[in-house]
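Read through the structures below before going on.
Here subunit A shows up in two complexes: once beside subunit B, once beside subunit C.
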Partner chain A sequence: MPSNKVIAIRESLKSKLQPSEDLVFKEKFTKEKYLEVLYIKTISDEVVLHENVVKPFFETDSPEDFLNYLQSHAQIKAYENEQKAIDDVLRGEAVLFYQDHVFLFDCKVDRNNAVLDTTVETTIQGPQSGFSESLPVNLGLIRHRYPHTSLMVESTEVGRLSKTKVMILHDSKFADPVTVKRIKKFLGEVNIDMLETGEQLFDSLKKSNRALFPLMLVTERPDRVAVNLSNGKVIILVQGSPYAVILPTVMKDLMSSMEDIYQSYWIAKFLQLLRYTAFNVSMILPGLYVAISSYNPEVFRVQLALSIAGSRTGIPYPSFVEVLLMLFMMELLIEASIRLPKAIGPTATTVGGLILGQAAAEAGLASNIMTVIVSFVAISNFVIPINAFSFTIRVLKYFILLLSTLFGLVGVVLGFFMIIAYMVKLDSFGEAFLSALQSKPGKQ
Partner chain B sequence: MNDRGGRLLNRYFLYLVLLNMFVNVIIFVPKILIEYRYEGAVMGVVIAVPIGMALTYLYSTAMNQFPEQGLPEIVEQGKHRKLTILFFGTIQFMWFTAGLITLIGFIDILSRFVNPEMPKLGLLGIYLAGIFLIIQLPTQRIMYFLEIVLLINIPLISLIIFKAFINEYLSWDSILEVGTHIFTRPSLKAVAAATYCFSGYMNLIIFNRLIRGKLKIWNFTAILFLGLFNLFTTFLIPIGFHGSDGAQEYLYPWISTSDSLRLVYSPIERAIFLFLMFYMSITLVSVSVHWHVAYELIKGMFKGKISKKKNGLILGYFTVLAVLGVIYFNSLLLNRLTVYWMIFRLGVEIVIVAGFVLWARRRTT
Partner chain C sequence: MRLTSKWKLSFNIFLTFMLLSGCGFKDIDKRFFVVSIGVDLAKNSSKKYLVSLKFAVPKTTRESPAEYQIVSEEANSISEAVRIIKTKVDKEIDFSHTKVILLGEELVKRRGNAGVNYWFVRRRDVQSIAWIAVGKPSALAVLKVKPTSEYFPSNALFLALGKDGSETPYVISEFMYDFKFRAIERGIDPVLPIIKAKKDFLEINTVGLFNKSKMLLELQPEETKMLNFFLNREEKSSLWGKKGQTNMIVNTEKVKSKYKIYTPKGKRPYIQFDVSVDGVLEETTKRIANKQLSKYEKVIGKQFSKEALRVLRKIQKAGLDPVGFGLRYRSRHFNDNDWKEWQRIYPTIDFKVHTKVQISDTGLIE
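== the complex of A and B ==
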């Protein structure tokens, strides 16, 4: 018969866990033994429980043998305190009451453990599969690609209500210990109720909780994680999210694709050049159009200036209205094609992009050159390999557009350099956002 | 990124000097030199080179004895607190006015050549927004920003200078003609203006925080050759384009010179717009560097970290003087004032360098 202490624990646990449909409390008897089990069946694996606990219980004769069995089982641990036991039950562990002992048996079900294909950061060649939504599987994927004893894995919990399990990985040989300490401190201080995925930490990185630039890299690729580990970065994995967070992040990381190391040297360099050009084009071009067509048409050679002015002859409003109108249309189109079901997506792009653009020019709402510029801007924006960063640029171009509407060419140039100054100001865990080299441990 | 340049060439030191060489076009150096081209400007330039180099060498080697420290950190433990406050309060004005003249001069250029219809105060507004964003950054970050700006802009300015040198309308005869006046007694105004090209070293007063390791002889050699090339270009290329008599007709000789250049195959045909875009960013960063020095010196007058209110007061002081400057100075008045400012600056520089070298020697021995 169980002792009073165990009964007290049992009753207390049962009262704390509100009676719900899927809460199971079972008693099992044999001639010599008496076992009670408490678990939530929707998140615990009953087959595992049956195989590892119930079957041996009925197969073992002497009570001492079964106790020894329980104590030596790898997935069974002793009861520590009530709060921890409740937390564990809510995560899918089972509580075993046996004689004078209370045990916790790990029989969690991991339902989202399928490895997904990469959909956001696709490459032509190289590995094609990403992470799964299960933390142990993800850790396994990384370990598989990074088999080193220096790989340190620590875990913590983030989120007041969600208590999401978060793992911090780094290579102790390469990572800067100061940075690692900073990142752990940051995770300990994150003030958030529900943590579902690493992207939610974007805003927490800033003191004001309002960020424009992504100061961390969120990736779905295990190969990127492995490469970054070897560069001394720190990785954060969040339970239930198929994305890993890489810290500290500088602009160079946000502009790099895994393709850079899968392609040959000159091709990779060419692609990088293309990306940086696209970054500038997509940020500056709308503003430049306004500045040149409304303030300083004499900047361009006369033929070009005339052809821009000529294409604007029928337009009944100033150039910044025209740009805003077309950009607004483009933003709607992009948003629509993200939200639409995959089957209709291409239709929206065709209708919007081709027909609307053509029709707007013919109806005299926008000049032909404007249509070209808007599509140029949109396409350049998509060249940025990291999605979060390309969204940032989508917003930044309006800043330059505003300044160019107010100040003309001066606004474009100064706006561009103000953005650079702002980026110079940013840092991610002590790493300057625009730095070109990864800092190494031991150096300031 | 931090400690790579220190071996052969300290690039941060070079950037500071280079920045002043670029910005002399805005701060009337070519105008002053061309005005005195028959009255001692050539000899003035020749004399300015050794003066500038000597000041650079003395000051930077003295500063080099306090690695990674700006002046506020060096005198922090000193006993004469009141003297320090007085000293900082006085000399910050030199840097502030240097920035102010550049700013007012360039806003004048912008309203002449780019935005004639816009009120000057509007242009001042956007510049101040950018400058205030930059000067409050840590010194290290300003250096990063300066590096990026130079990296973006140096190909542009190299193209323009290259185009100027190979231009068929560049008359070498006019340049030689001005060269024949080399033995005229040098004019003080021309010497003062020409030494401005070298005076970027003065920013070390704060930017010495970033200089680690000894400055090598290579730094000074590079500055010597860059300075010679820069003075030659600044002074003589406009003369080559506009003739030895015609060049003095222009208030901004270099802007007009760049308007004489045509890029035949480029969509931007007139080089003046490339030139002005280049100077938009160079002015921004130059004024920011100068004002950052002034800002840090004023901050050095107070103990510890300054409060938000004091910070606001410093920026307010900058804003008020800049607005008054833009309202009251027209370009001719500014030009005349700058001439005297240049002489005053040269005097102050010599006093500061001599004083600092002696003081540093007494302190270290």
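== the complex of A and C ==
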């Protein structure tokens, strides 16, 4: 018979865990033994519980043997306090009451543990699978690619209500301890109710809680995580999200694709050049069009100036309205194609991109050249390998457009300098955003 | 309410920015691009000049032909003419693509029109890299020529004067900045190509040599080619030579000329020209073997030297200095009276030309 202390704990637990449909409390008897089990069946694996606890219970004869069994089992730990026990039960552990002892048995059911294919950061060559939505599986994927004793894994909880389990990984040989400390401190201070995925931390990074540039890299690729670990980065894994956060992040990381190391040297260099060109094109081009065509047409060659002037004849609005109109249309198209069901997606882009552009030009709302520029901007925006960063550029181009509308070519230059100045100011956990080299431990 | 006042301030700053943009914003289709300007002397009028602007009318489709509009106005100054022309066209006149400035033949032959040039230099939207040339019989006549190969107005002129189109030693094109430099600097005189208006095409194969105020001398096409070699502008050309009964023509690939001014004490000063020509034989009246080439090289070299000497003396006689001997002399002599000295030396200076011709090939496989 259980002692009074155990009964008190049992009753207290039962009252704290308000009666719900999936809360299970079972008693099991044999001649000599008496066992009580408390768990939530929707998040606990009953098969595991049966195999590891119930079956041995009936197969063992002496009460001492079973107690020894329980105490030596790897997944069973002793009860510490009530609050912790409640937390664990809510995560899928079972409470075992046996004789004078209370144990917690880890029989969490791990759903969503299928490894997903990469969909955002796709590469032509190299590994094609990403993370799963399960934390232990993700950790396993990383360990698989990074089998080193120096890999440190720590875990913490973030989110006032969600209490999401978060793991911090770094290689103690390469990572800067100061940075690691800063990141841990940051995670401890995050003021958020529900943490569902690492991307939510973007805004928390800045004091004002309003960030424009992503100062952390969110990736779905275990290979990228492994490579970054070896570069001394710190990885944050969030339970339930197939994305890992890589910290600290500089612009170079945001502009790099895993393809850079899977392709041969010159091809990788060419692709990088292409990416930085696309970055500038998609940021500056709309503003440049307004500035050149309305302020400084002497920059064009005379042929182009005349052909733009020709294609703009009969367009009722000034160039910046024309650009805004077309850009707005393009943004709607991009947003719509994300939301649209997969079956309709391609149709919508074709209809929107080709027909709408052509129709706008024919209706005299925009010039032919404008259609070319808008599609150029849209396409080059998608060359940026990290999605979060390409969104930033999508917003930045309006800033340049505004300045160029007001000040012409000077505005474009001014805007570009302002953006660079802002980027220079940014830092990610002590790492300057525009730095080209990763800092090594011991160097400050 | 602290936040509102902050927003109010930023909004006000933004509004001030709007004022700053002012008159700069003008859409490209509201601008009327002047592609070339012609300045002539006004005839039968009390006004001094006849200023003609050639506007490009933008094509709305790719298929429509190149159209232009020439608007002329008589006035006492170019600015005045442009102001009046503004009242005759519907869009804002834009000089940013004005690439050719034509001065009428009569205008450049008359003294005291230097003021015309300054308008182009001072005007901020006329670019200094515009070409400047002499129009014959008048600038307006040249503007009116419409070559059939042209696909936008004045393109034929742009191509002929620039290196984009035909490359020929008979055209010595001149940028406005260089013209201004030559018109001001002591020791170097302006050279302008002369563009002749024909019915359906333009002919550019002569140049006019200027002193500081007007055109004095017109060179013949062959002399123009020589001057071009002295200036080291265009290297692709052909040279003609005759040995006995054999006429031959060399297509040059490289022509380099160097000169040095010698002022030996007690002797007559002279300018030593060294010209080196590389080329291939293009046309002969008789078969020439590879072995014999050196003989023919000498003949052509001699002929070249003779012709060069003649042109140099002709220019010297007119008291002009398009090559810039005076400037070279001034840059090597640091006396206070170097310019006066040069003016004394130049009319009597002697020329010596040495030409080294290298024919690399007969053009045939032997």
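To be clear about the criterion, the second predicted complex is superposed on the first by the 444 of 444 C-alpha atoms of A that agree within 3 Å, B and C clash if a C-alpha of one lies under 4 Å from a C-alpha of the other, contacts with A are read in each partner's own complex, and residues count from 1 in each chain.
Just so it is clear, a residue touches a chain if its C-beta (ideal position, glycine included) is under 8 Å from a C-beta of that chain, and two chains touch if they have at least 3 such contacts.
Keep in mind that what you see is a predicted model, and the values were worked out from it rather than measured.
Within the superposed three-chain model, A:Glu298 lies in touch with subunit B and with subunit C [touch as defined at top]. In the superposed pair of complexes, A:Gln18 makes contact with neither subunit B nor subunit C. Using the contact criterion defined above for the overlaid structures, shared-chain residue A:Ser319 touches subunit C, although it does not reach subunit B.
By the touch criterion defined above, A:Ser72 lies against neither subunit B nor subunit C after alignment on the C-alpha atoms of chain A.
By the touch criterion defined above, A:Gly408 reaches both subunit B and subunit C. Of the two partner chains placed by the overlay, only subunit B lies in contact with A:Ala436; subunit C stays clear of it. When both complexes are overlaid on chain A, the residue A:Gly310 reaches subunit C alone and has no touch with subunit B. When subunit B and subunit C are set side by side, the one touching more residues of subunit A is B. Of the two partner chains, subunit B is the only one touched by A:Tyr422; subunit C is not.
In the superposition on chain A, the residues of subunit A contacting both subunit B and subunit C are 295-296, 298, 302, 406-408.
Against subunit A, the residues of subunit B that register as touching in their complex are 1-4, 110, 114-115, 118, 122-123, 126-127, 129-130, 133-134, 137, 141, 144-145, 148-149, 266-270, 273, 276-277, 280-281, 284-285. By the touch criterion stated above, subunit A contacts subunit B in their complex at residues 295-296, 298-302, 304, 403, 406-411, 413-414, 417-418, 420-422, 424-425, 432, 434-437, 439, 443-444. For subunit C in complex with subunit A, the residues that touch the partner chain are 17-18, 20-21, 24-29, 31, 33, 35, 56, 58-61, 94, 96-97, 99, 125, 127, 152, 158.
Interface residues of subunit A facing subunit C in the complex, by the touch rule stated above, are 293-298, 302-303, 305-315, 318-319, 405-408.
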